[in-house]
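Can you read through this structure? Questions will come right after.
Labels run A, B, C and D following the written order; every chain starts at residue 1.
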Amino acid sequence: MRVSVIGGGSIGDEEYETARRLGEVLAERGHTVVCGGLTGVMEAVCRGASEAGGETIGILPGEDRAAANEYVETPIATGMGNARNVLVVLNGDAAIAVDGSTGTLSEIAFALNDGVPVAGLDTHDIDGVEAVETPEAAVEYVESARR
Amino acid sequence: MRVSVIGGGSIGDEEYETARRLGEVLAERGHTVVCGGLTGVMEAVCRGASEAGGETIGILPGEDRAAANEYVETPIATGMGNARNVLVVLNGDAAIAVDGSTGTLSEIAFALNDGVPVAGLDTHDIDGVEAVETPEAAVEYVESARR
Amino acid sequence: MRVSVIGGGSIGDEEYETARRLGEVLAERGHTVVCGGLTGVMEAVCRGASEAGGETIGILPGEDRAAANEYVETPIATGMGNARNVLVVLNGDAAIAVDGSTGTLSEIAFALNDGVPVAGLDTHDIDGVEAVETPEAAVEYVESARR
Amino acid sequence: MRVSVIGGGSIGDEEYETARRLGEVLAERGHTVVCGGLTGVMEAVCRGASEAGGETIGILPGEDRAAANEYVETPIATGMGNARNVLVVLNGDAAIAVDGSTGTLSEIAFALNDGVPVAGLDTHDIDGVEAVETPEAAVEYVESARR
């Protein structure tokens, strides 16, 4: 299935490793990563997925596909700014949030609004988000709860 | 200034009266209401503002302007579905949330992301949202904190 | 009714006067001008309408309402770039094109696609666009053909 | 490179074969097809590309990825209606139009507006569109004129 991975664009080493491992797990289990295509969690998860042979889609805020991080296989330019967050969520069957600030919160909200299962790794404590401790647990949760 | 009022599309009598009073206060103080143009909080706040002689803008998810509630003076159709939430927030200098579920949460998140002050009346408990008890207090907060 | 006025952002004096006169005629007949909110035809038609006491809505490509020309009464920011052209057309009951290049052509196409009547003043020669000679004739055409 | 193929959603057998052949040629020359993901020209070009081992991206107007034709490898849902036409064009380095009505005209206009080369097979006669007779000539043109 497709999993939207959402999270901060500017993160520390620990979160980077978590997101990278999440990308690996998703790819190993045959899932495609959908994300916002830029830096931080978006880069780390695409890197992990790409290194494990998985597919990655990056839905970008700007008009220039070249702005995608180097691990995005299929960049999609939108020119819509933050409204592209809606498309990131719309194109997943489930969502996993890693860390993140208000942009991530908006994506969590859209996912819950769409009735998509959401797992959270060290992210906002919101009703409906399944808080998990590891990338593996996040993937297991969304596999079991997928819409 | 313009104030984006965000909240549930399906609410009880008490929330309806709160939102209606909020519309009155906004209009009396010369502010324009921006909202999603439909039912519930959106209708109540437009009604209050309209009855007090204020201006109301409704930014609709669908393509049909006729879907706006009867108190919307300037309906704007978008055909963008939930992505119109981004436009509701973008068109205010501040935001006030009343009650509301995940759609409202997404709008709160976009407002915080944009650096717009947000007051909350009985809504999500999110860092950065100023929880207030009355419509008057909500308006006073956003007037003092406006961007 | 609402009339979307579409046309070039950079025009000569003659086109400016045509668009300004068009705004006057629309206002005098009680119609609201919807446009892209910027310069050229957009400014001229808003100016004419505003000076005749009419209402003007400017749907902007960027996120900043302050980018609207000074004759826009109700600016709507979108942050969607050229995709806002779709919204300019969607919010009119008819369209009038004045001069214009490829951006205007996209708006004409969207209007025809939506089944909205389109009058053209010295603009693209496209099947379905009623070529007229004067602002008055343009308004008369869209009044008679309105959807 | 990526080539946006635009054209009617409801076409005759001859246009279907032209678009299918166009997809084959694009795939054989290593290009990725970007289109609106639905029926008619969109289906035919994806089919041709897919049968020749090429890649296909379908950018859909609705929220449901399952609406894509069966030859779309990477469907992207937008929920934006006709505004998705802007994204179809934005995600190509060049555009080829086959047949088509006003929706196609809007895409041609956006492509010209973006400065993207456009080849036309039996489509609108618009300044800036290179009219060609065969799928091979269309691909050769956009290869030579690519942005």
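Brief remarks on what is shown
Criterion: contacts are C-beta pairs under 8 Å (C-beta built on N, C-alpha and C of every residue); 3 or more make two chains touch, one makes a residue touch a chain.
These figures come from a predicted structure and were not determined experimentally.
Superposing subunit A on subunit D by their CA atoms means rotating through 180 degrees, a value rounded to the nearest 5. Over half of the residue-numbered contact pairs at B-C are shared with one candidate from A-B, A-D or C-D, namely A-D. Note: centroid distance subunit A to subunit B, computed from Cα atoms, is 29 Å.
Each chain gets a centre from the mean of its Cα atoms; for subunit A and subunit C, those two points are 41 Å apart. Within subunit A, contacts with two or more other chains are made by residues 63, 79-83, 86-87.
Note for the complex: subunit C touches subunit D at residues 80-83, 85-87, 101-103, 105-106, 108-110, 112-114, 126, 128. The residues of subunit C lying in touch with subunit B in their complex are 57, 59, 63, 65, 74, 76-79, 86-87, 90-91. Interface residues of subunit A facing subunit C in the complex, by the touch rule stated above, are 63, 79-83.
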